[in-house]
Each structure stands twice: as structure tokens, then as C-alpha cells.
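Chain IDs A, B, C and D follow the sequence of writing; residue 1 opens each chain.
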Amino acid sequence: MAKIGVFTCWCGENIARNVDVQAVSEAISKLPGVACSENYKYMCSEPGQTLIADKIKELGLTGVVVASCSPHMHLKTFRKTVELAGVNPYLVEMANIREQCSWVHNDKPVATAKAIELIGMAVAKVRRNAALEPIKVPVTKRALVIGAGVAGIQAALDLAAGGVEVILVEREPSVGGKMAGLSETFPTLDCSQCILTPRMVEVGQHPNIKLMTYSEVEKVDGYVGNFKVTVRKKARYVDITKCTGCGSCWNACPKKGKIPNSFDYGLGNRGAIYIPFPQAVPARPTIDADNCIRIQNMAKGKELCGICSKQCAAQAINFHDQDELVEFDVGAIVVATGYKLYSIGKEQENPNIKGYGEYGYGKYKDVVDSLQFERIISASGPTGGEPKRPSDGATPKTIVFIQCTGSRDNAKGITYCSKICCMYTAKHTMLFKHKVHDGTAHVFYMDIRSGGKMYDEFVRRAIEQDGAQYHRGRVSKIEKVTVDGQTKYRCYGADTLAGTPCVVDADMVVLACAMVPSTGVKSLAQKLSVGYNEYGFLSESHPKLRPVETNAAGVFVCGACQGPKDIPETVAQASAAAGKALIMLSQPFLTREPEIATVDEKLCAACGACVKACPYKAISIEEIRDRKGNLVKMTSRVNPGLCMGCGTCVAVCPSKSVDLIGFTDDQVYAQIESLLD
Amino acid sequence: MSQIITLEQLKSALDEKLSQGCRVAAPVLDGEFASFKEITKADQGSYEPRVAMQNSIKEFFFPKHETLFTFVRQGQDVVLTDAPDFEVDQIVVGARPCDAAALPVLDPLFGWDYQDRFFQQRRAKTTVVSFACVKSDAHCFCTAVGGSPENTSGSDALLFDLGDGSFEVRVLTDKGKALFEGKTTDSDKTGQSCDAPTVDFEVDKIADWIRANFASPLWEKISLRCVGCGACAFVCPTCHCFDMVDEGSYNKGKKVKNWDSCQEAMFTLHASGHNPRGTQGKRQRQRLSHKFVTYPDKFKFYLCTGCGSCSRSCGQMFGVRPTLEALDKEGVKAGQ
Amino acid sequence: MSTETKAPDAFEPKIVAFVCNWCTYLGADLAGTNRLEYPANVRIIRLPCTGRIDFNLIVKAFEIGADAVLVSGCHPGDCHYTAGNFHARRRWKLFRELLDTVGVDLNRVYFSWISAAEGAKFQSLVTEIVEKTKAMGPYQEYKSIVAES
Amino acid sequence: MENELRNAIRELFANQGVGVAIGYGRVGVDGAVGAVFVTSPDDVDQLVWNNECRQNLAVHLTRPEVKALGKIAIVCKPCDARAVVVLANEAQIKREDLVVVGVVCEGIRNVKPDGSTSDKDYPKCETCVQHVPANVDVVIGETSKGEALDAKNAEVATTAGHQAKLAKLRAMSAEERFQYWRDEFSRCVRCYACRQSCPLCYCNRCVADKNRPARIDTSASLKGNFAWNILRAFHLAGRCVGCGACASACPAGIELDLLNLTLANAAKEHFGFVAGTEVGAAPLIGTYDRDDKEEFIR
């Protein structure tokens, strides 16, 4: 027989003003199974909690209902209270008679009657509550970091410094990401590579970091603390354990200087065997199979070229190399897949986003995007840091920078601000001016967003010291014209502050394109069961309070894959993600809420509806075998490490062979039926 | 000399009873389907002898769903209230003789040990007016179990359709007399039923075979096409198994008695998970054994009136007659 | 229990609301925090997610005498569990069609997205449901089949 | 065609290790056609194929008694073959362990309430457009009435008459519709024949047979009958292949399939989904699209 204690709170006047607490207590004391019905001014205060504890001990209560505020406010408090008094914490229910009763109903008799019904519902539910124990899951003390740009590098180094083994997976042949290709960084104008390369070298050498470049995450199984990750090591055709990085091969390649280098965004060229840039880590080459004479002809049975192999003293080249799948167990995953620039003129991956045909990107060689411009002015870039325009190598004297190309343009489909463009455009104008003293930078902008330490000062410097011409307005189109025998790009803009059209004949145009998540992030997110928004930016668990966690337990995000951000923010977030992962990995066991789904395996028909519906891939179809190993039946089974307790499986199960502990059908129907007249 | 009543007179007699607060059930036509239903005006009924009906008249004696008692919690106590007695007069008109014949079959069951007041009160309060059959179909086999197209068993009056808008009335009991007294006129016309359906099996021999062949593989073999839907039991005038369940909430509710069927797997499922009748063959064996062996052994009646409703309503073309024929052919006559 | 402002026999509809823990329940809490008054007819059943809200619960609510039912959760994209509301939305779309064919008055079944920030939306929707249900009167059809059972 | 069918089944016994062939035979009263279970090539001549072969034999595929007979070959009309697809999609059968013998079908004769057949087409065959079975292993027979339909051009299996009846119902007021079903459901005896004869109602234990809690009343009361019929129909949402076995099994003659049809129409209209037409299709309920309609949500 249930012995339920009901404790109704006055909340000072908050409840008692509109609810006759005494009358409620008396009415509730008559409910079947209610052993005591008390009320007190502040149930959450120490005397209030003592009252509950005393009654538990005195009457041997089997369930407790606290009628007070929202369970979001104090359920944890009262769970602790009863636990200390020796009752399982899950035998507490709350009736929300403050937020959902006394605060919203001013008619006292009506509110009192409603409070009685709300408590009646809680009593009906708690009668069917079960004592639950938190779930403990073991933890593998190893982390996976996906992406080795500045975010992934920072996260990996922090994790490694914390004593955790790290698998750092990078899809490109070298670590470094976008930052490795930048010229100098705002607002200090440090050389990007100068600050990044030591970190790159460190990840390559750290004993706790296993670096896997030219590799991609193929599959993720398991759950928090216990992920099983399969990584595809793409065929590199160079055994990097044998290779010494001497460079004989890439210097001998007959295709040297003939293939556009993606690291230079097509502005520079490389060979079929190459390192993307001199500071690459690992400083080992990769063969681009699509462009290798030897490999392309192998299928036809011909043995051509092979010069690189002949040059290689270390015999590191293997033309028959194959992709390899490697499995790892990891406890936590940090996603740092970064961004790319929105594709301005070309086809869009996302049908809701449109390009800017009117700017002639792709048609006019001298209309470039901001990352290309970074390479043009980078000392390690294809022009050695000399500003030369791509079409004819001439030094541009007038450059037009167009901000918000894509960003904040509802008509093109991207509504958000890419956050860094104002700053790097100011930087571009300065770097340009420092290199071409008689040059003029024109900037078309919508607003200048330069919040941040020394940021606004930086923009002011660009304008006031380096003479950048800022025009508030958009450019409607760009035409290639010939002026005095010289090719110019006529930008038809407007200066909305002056209220006049503003047409500039530029030698070169730089488009500050919107940041979008890098290619393939959605399929990765699906593998990880991490949510993403309509643009593919990964969803954090809470925008303010859980900014690096995701709704997939054990998976953390940092850097531009979560949203546009600059380097300092990225690095801070990467350290935060690493810190959160370290906290998790530092525990011997993970404790999880026991309010999860459970399957009645005897009755489950294994139709798989729940398997498909589960947002966490927490349910699988398993075999039940007898002691002799004969198959008895198939069943669904919930992985307690993965289940987050949403209960979607319950609603799709036709036979209700799956139930949600804490919100079982038995409890919920009892609640509804308590409302029967 | 016979007594006759026209259709109009019959209807006005029923309307008169209805006006006196009597409940009346009659065949009601809904598209191609006819079923026994409670009516509020005699005109709602369809008064002609039929072979095929969607239901039997048993639900007016043994409803598909009946409350036994209600409970309500008052404070820490539970208060029980018995269901009220059945106190209203009731007439079932248009029964087939094979429907009516089921009532005497069921009487001993509901009164041999526990006196089931629900059934007995309804029996006492109900007048059954049957129509003698004017045709039979291939499903009919009343003759095999002692019935006939003009079987009087269980009826209070038997009406013969004269084909001219009137019926010959043969009053059989005082209840029948009370209903028709003064409503009929003298005539020299007499009604006639159709020929008795023919069968080429003997139920007694099959019953003997069943007694001797509990473990025969024939049961599984002939039952394969049965999907265990239980519709046969629900249309059967004699099947009477029921389930008792609690319905309602924690605070108030009732104990109810609902029809059940031995053809459903849940019927004999133990709490342990074991099911002594785990296959359809075992369930069909149970059904046939009960109808033709255990029930007659105890109560002297076959638990079957040969109405054929089971096979008529079976989506899988199964039922008692096909089963008896299969047992006769493959068991009795094959000497297995 | 009656007050002078209300006739004692005035029809007070019974509204059962099934809401998710993370959005609509918090929206209702916010209505409280902001002291947004609304009629006292709604009884909230808190479930983790709209994904958990089975159609049977709606039927059960009518069986216990509800005059209207509200089902509410997070806006698309806001689900605490990523996708529970998407699953729920598809089920409801289909279930409404079935209810319609069966003759359950769709004016008595409401679905909404109410976020944790939409206390005012909770207030106005509940007020509207109560007013409309009062205008329609008690749900006699469903009550009658329950009474006859 | 009957001979072609018998020869094909004999061939399966001989070469594919089939233990039982489920087909049609004259097994009922007066030679009515029902399921036969041929377990030996010597009995193959029991099999018939004609326009009286009404039952959806797929219902037998999940029954333990039948599974115990060995590898199964099953005769399927084009409409019934859809049920096999759903069973395989829901992992209730291993499709590779089953031989589906599809028969070309030009319509089945109607069945009257007394069990006799008339010359009229069975209601669901009147407007049927799928005469050649899809997703089967062997096709028996030929027809000039069109080709096998794939998922893209599949239609909801039903009839013009049924659609008209549903449309008429939907045109009534909610009160009138409720009254209609009140009358219909008042006849329901809760025998669960609809469930048992449905090839897709295969749960180990139906939720109607579970009582902790009793989600629906087991009583054949109006309250219990509404709850049951709503539940049954909705559990088949996006799954029902429209074979009509439920309605034809109902001893009370309730047109249960109108409820299923409502949901099949909705699945097609709102989600472009026709059950049983696509091997490996994800279930309609249990998946979602971010762009699913939500005009009804406030």
C-alpha cells in the first residue's frame, strides 16, 4: 500500500495569495494512499526540507509530492532532500501550483480547485513511480578531434596536455586549415604562419597525439565514453614513415607547376606529387592520383613515368597504395571542421542560396574572393607577397573591396553576418597600402561591425592612417571596361551616406564572401547525431550555457563549424571544448539520468520502427539466443549510454513494447485518469 | 385449424409492446447485411426468414459486454455496488430456429453451479419468436445435431411465412401465448418449412474419434488456414466464453464481463509465458472437443446448433462444418 | 467555490494539454513568471518531448471527459532532442485525418509550437481555446459514448 | 494459368528446397476457395487459381505454425505482394528465405454476406490498376491490362466506390460522421478478427491485450470500440496495403477499411507515400522530413 506524503508550499505569499493552501492540504489528505498532507511557508527552505525528511522517517513514506513551483526550479532540490532522508530520489513528483496556477489565476476559489487537481495528478503519478539508480557507463580515455585547422590543433594540444591520447584527423594532406594560408592577422598584423606553424609542428610531434592527415571519419558507432570510430586513411601513395621529405620527387615530377594548387585557391600551381605548402605538417608529399601519369595509366596496363619513384632514395613511393580503414575506441569527440567561403558565382550546394552572377566571379580573373587575396598578399603565396593581379600580373593601383558578399543578403539566401569580413577587409586595405603606397582601396560596406578588443581602433587606422575609402552602399554590378588601353573593372556602387551613385574603375575586385560550413559537414553531423541549422552550422546544446556541447552526449564543437567566428574566438572555443572533454574523460564512470527508454524484449516484435525514429541511434535490433545458442527471437534493445530519454520510440511502437522510465504509460495514463470526473 | 397474423398485425403488436416499455430486438437490414438489433419502432425491423445473419440472438441474453459491479474509492475505503437486476420485458423476434435452440443448450451452463443472475433474469424476461426456415444453404447442418428447419426448442412461438404477407403462428409456451393471444385470426392455411439440410457425416462417430485422437497430427494439418480471429465464436449462438476485466481509473471503475474466444492465442496464455494451446491446431481441437465431447458429456447437449454462422462468417473458409467434414473424411472414414 | 462573477452552473470546459518539458512547459512557466493571467481550465501533462506524445493519449483525454485537447512542443529546429517534434508533426498530420474521418471535431484538438520564451503565446492560446470551447459547449458526442459504456 | 502455377510450384519443391507452398485451393463449404498448405510436390494439384482467390495469404507468413513447415513459397496477387514488401521492410520475414510466386490478376469476384460469390468484381478490384505483381520472384500468367507498377507510379489500392463513400462521409458534419461510426462501432464485438486477418498486425502482443495500463478498454462498449478502431487504423498508417482483409473478416460488417483508406490517402497526398510499393522503404511513421506540412499547427 502506497504511503504518499504531500507537501504543499505557500511560497510566502506567492502561492498562498491565490490558493487556499490550508483547504488544499485538507482536500489532498482525503485522497487514497495519502499518508500525510502538510503545508509550510517555504518548502525549499531548510525547515521545509526538514519537515519532509522528518515525515519520511516518521511515516515510512513510499512517495513524495511537493506542490510548489515548477519542477524546473526545484525538482533537483527535493530529490536531494528525500535521498538524504533515505528515499529514492525518483520517488518525488512536483505539482506546479505556482507558475502554472497561483501566478496565473487570480480567482482564489478557482485557483484552489485547480491546485487540488494538479496535486491529484502528481499523486496519481507518484503512486506508479519506481525507484531508479543512475546509469554508470565506462569511459575510454582517448579523444577524437576532427579537423586540424587552428581549432582542431588547439583542442588536440589542450587535450594532449591534459594527459589524454588524441586522434587528430585531417582530410587534407597537411594540418593547418584555413589559417595556414592567411597573410597577416588582425588586429595585430602578426604573420599568420609565424604564429601557427609552431603549433602545427607541436601536434606533429606530441607523444599523445596520433595525427592522421589525408584521412576522413567514415563511421561512428557507440555512445558517450564509448565511441567506436572508423577512419578512412586515403591512399597517399607515399609511405610517410619511410619518406624523409627531401623534395627530390616533387621537384622531378613532369607535371610540376601544371596543376592548380587548392591551397592557393587555384592561383598557384603544383605537381602531381606535391606538398601543399612548404611548412606542411607532416612535411611529406602526396600523390594526386587523378593527375599522376603513372597511376592513370596503370589501369590500362601501361607502365609510364614513375620518375618520382626512381628519384626516391627512401623507396617510399607505392603506386599501388589503397585506402585503409582504421578503427579506434574513443570516449569523446571534438568537431572542428571549420568553414569555407560561399561559392559566389558557381553552382550552390544549397538550392536556397543564390550566387552573384553580376560580380563576374569566375568570368573575370581579377575578381577574387578574400581567401584568394590572402594568398596574393601572403609572403608564402604564389606571388611571393607581391600584390599582382591574376590576369596579367600587373600591380593593381585601385582595388575595390565588397563586403557582405552573400552575408546578410536575404535575396541570396544567407541571412547571417559572417562576422570577420569587416575586420579582414580593413586588414586587406592596410596590407595593400603598405605594399602599394600609391594605391587606393575602396570598400563598399553595409555596416562596420568591429566589436572586440582593439578592433574598432584597427578599422579607424585603416581609414585614417592608410586612407582606405569607405563607401556605405552596395555594388550592383561589375563590368570589364578598357580605359586608356588598360583593363579596368567598373564597379557600379552607391554611397548612401552621400546619397550619390559611386562608380569606381578598379584594377582588381576582392569579394568578402560569406562563411559557410565546410563541405560534407552534414553527413558528418548525421554520423555523429549532431543537429545542424539550415546552413549546416552545427548546433550547440545551449547557445549560452552549453556553447561547446552538443545534444549528442560526448560530442563537442568548436570553431567555425558551429558558426562564423575569428581566430581568437575559435581558439578560446577550442580550449573550452577540450576542457569539457577533459572533464568528462577525467571521471572513472559517466553517470547518466536513468529516465531512459526500455524495451520489453519478450514482447517486442522487432519491427524496427523505434530504431528508425530514435534521434540518437540508441536502439538496435538484437538477437535473443537460448543457452544452446539457438535463436529465440529478435528484439529492439536500448543502449543506455546513448538514450537521452525523449520517448519518441514509445509513440511509434505499436505494441508499446518500449516504455520511457520516469514517464511510463502507466504513470501518464494514471495522471490523465486522475482527471476523470 | 391454424392461427395466422399479418405482418402489419405483428408490427402493431410489437409497437404496442414497445409503447409499454418492452425492449424489442429484431433483424435490421443494413445494405446487404442483416443483424439482430434493438429497435424502437417495429418498422425498423425486417421480418422474413433468413439463413445468414451477422450475429446471433445470444447477445440479448449474454451481452457482449456486461457490468458486474462498480467500485469507487472513498477516502481510504473502496465501495462496491452490484449491477442492477434486469427487470424489463424483452422480445426477440425473427430468431432462426437454430438461434433459439441455443438457449436451452446454455441454460444448464449458467445455472449448474453458480447461478448467473444476469443470464437467468434475461431468460425469464424474454419472449423468443422464431421464424421457421424457408431455405437452407450449404453451411447449414442443424440435422446433424438434432435440429431441423422448424425446430421449436428455445422458442416461445414459431412463425411460418405464408408468402402472402402473413404468418402462421404456432404458440409454444405461455410467454408466446401472452404475446399473441387475441392478435391472431383463425385460418386453414398452414405454413411449411424448407427441406432439412443433408449431411454425410455422423457427429457421434466424430465425437468418438475426437475422444480417441487427442494427439492426432490431423488437428494441426486441418487448422493451418485458421488465423485465430475468433469471429466464429462471436457469431456462434452457443459459444459463451468470457473474460472478466477491471475498467476505469484508480479512483473508480467497474468489473466487466466481455466475450472471449478460445481461438485467440491470449486465451490460454499463462503468466509465465507458457501457452498450453500454442498453435491453431490445439485451439481448434479445444473448440471441437468442447462442442462435441466435453459439453455433451456434462450437459447432454452438443454445444452447436448447426446454424453454420461460423463458416459463413469465416474469412478463411473454415468453421465447424468444414472441420467436421475434414475430421470425418481424414479421421473417421480413413480409419486413422 | 463559486464567486459572484460567475454563475455556479456556467459551463467550465475541461482542457487537457500534453506539452514537452523543454519548450511549452517552460513557456507556461514563463507566463506564470510574468503573471499573465489566463482561464484555469487547462491541465498540463508534462512529457519530455512531443515525440513521446502518442495519439492514444489524445483519445484517452476525450475518454476522461476533456472538452478540448492541446498538444504543444518546441518549434521546428528547437527540439531538445533534435527531432522529436518532427516525428510528432508527421504523426499528428496523419492522425488529424483519421480523427476527422471518425467524426471527432477537429475544433477540439489543437496543436501548437510554443517556445520557452513564448509565455504570452501560451496565455493567448489557452485563453482562445477556453473561449472557443465554451462557445461550442461540452463535447457531448464523446461524453455520450463514454456514458453509454 | 493454373497449370503454369502448379508447374512452377513443383519446380520450387524440386529445386529450391521449399517446405510448404501457400496457395489457394477448394477447401471450404461447397468448394469455396481458401488457403491450402501444400507440403509435398504430390499434392500440388490441390492448388487452384481463379477469380475466387480472395484471401491475402501473406497473413500466414508470420505464423509460427506455418514457419515450422520449412522454407515458404507463397502465391500472391499483385495487391497481396505489397504486404510481403512491408513485412520484409519491417524485418518480419527474411525476403531471401521466401519465394513469392506472383500471379497476374484481373480481379476477384465479390463475396456476399452469406459467403457465396457473385459475378461482380470484389469491390476493391473495380478500379484496380495493378494487375501484374511487382517485387515478386516468379510471375505467373499474362495480361493485356498493363504492367507491374513501381513505387513512383503506384496508387493507393482501393476502389472508386470506396473513395466516393469516403468522400461522402468526409463531406458530412463532424457530428454526422461521429453518428455514422457510432452506429457502425455499436456492432463491433471486439473479436479482433480484423487484427488477426491483417497480414501486418503481427505484434507479439497487441496493445489492446495489455492492461498495465489499459490504454484502451477491452469491452465491446462504444467507448472501447471507438478507441480500438482508432488505434487499429492508426497503427496501420503508412503500412496498410489496402488488401481489405480486415473488412472482409469483420463479422459485424463494419467498413473498417474506410479508416485505413483515409490514412492511405493522407500518406499519398501529404507525403507521396504508398505502402508496400518500395523494397527497403523507410517507414512513414518513424521518419520525417524537415519540410513536412504543418499548416495545422499554431
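We adopt the following convention: contacts are C-beta pairs under 8 Å (C-beta built on N, C-alpha and C of every residue); 3 or more make two chains touch, one makes a residue touch a chain.
Remember, predicted model here, so these are calculated numbers, not experimental data.
**Student:** Which one of the chains is farthest from chain B, going by Cα centres?
**Tutor:** Relative to chain B, the chain whose C-alpha centre sits farthest away is A.
**Student:** Out of C-D and A-B, which chain pair has the most contact pairs?
**Tutor:** C-D
**Student:** How many Å are there between the centre of chain A and the centre of chain C, using C-alpha atoms for each centre?
**Tutor:** 35
**Student:** Please compute the C-alpha centroid of chain A, do the same for chain B, then give the distance between them in whole Å.
**Tutor:** 69
**Student:** Give, as an integer number of Å, the spacing between the C-alpha centres of chain D and chain B.
**Tutor:** Using C-alpha averages as centres, the distance is 30 Å.
**Student:** List, in ascending order, every residue of chain D touching at least 2 other chains.
**Tutor:** Only 205, 207, 214-215, 217, 219, 221, 224, 285-287 qualify.
**Student:** At which residue positions does chain B touch at least two other chains?
**Tutor:** 249
**Student:** Could you say which residues in chain A touch two or more other chains, in rising order?
**Tutor:** 602, 613, 652, 669-670, 673, 676
**Student:** Okay, in this complex, where on chain A does chain B touch?
**Tutor:** 30, 32-33, 124, 127, 602, 670, 673-674, 676
**Student:** Which residues of chain B touch chain D once you look at their complex with the stated criterion?
**Tutor:** Contacts found on chain B: 30-35, 51-52, 54-55, 64-65, 137-139, 220, 223-225, 227-231, 233-235, 243, 245-247, 256, 258-259, 261, 264, 266, 278-281, 308, 311-319, 321-322.
**Student:** Per the contact definition, I'd like the list of chain A residues that touch chain C in the complex.
**Tutor:** 70-72, 96, 98-101, 103-107, 109-114, 117-118, 121, 529, 531, 533-534, 539, 551, 595, 613, 615-616, 644-648, 650-652, 660, 663, 668-669, 671-673, 675-677
**Student:** Using the touch definition from the top, list the residues of chain C that touch chain A in their complex.
**Tutor:** Listed in rising order, the residues of chain C that touch chain A are 1-3, 5-6, 14, 16, 25-26, 28-33, 35-40, 43-49, 51-55, 57, 60-61, 64-66, 77, 80-84, 87-88, 91, 123.
**Student:** Show me the residue ranges of chain D that touch chain B in the complex, using the header's touch definition.
**Tutor:** Residue positions touching the partner: 27-30, 32-37, 55, 59-60, 63-66, 112-116, 187, 189-197, 205, 209, 211, 214, 217-221, 224, 245, 248-253.
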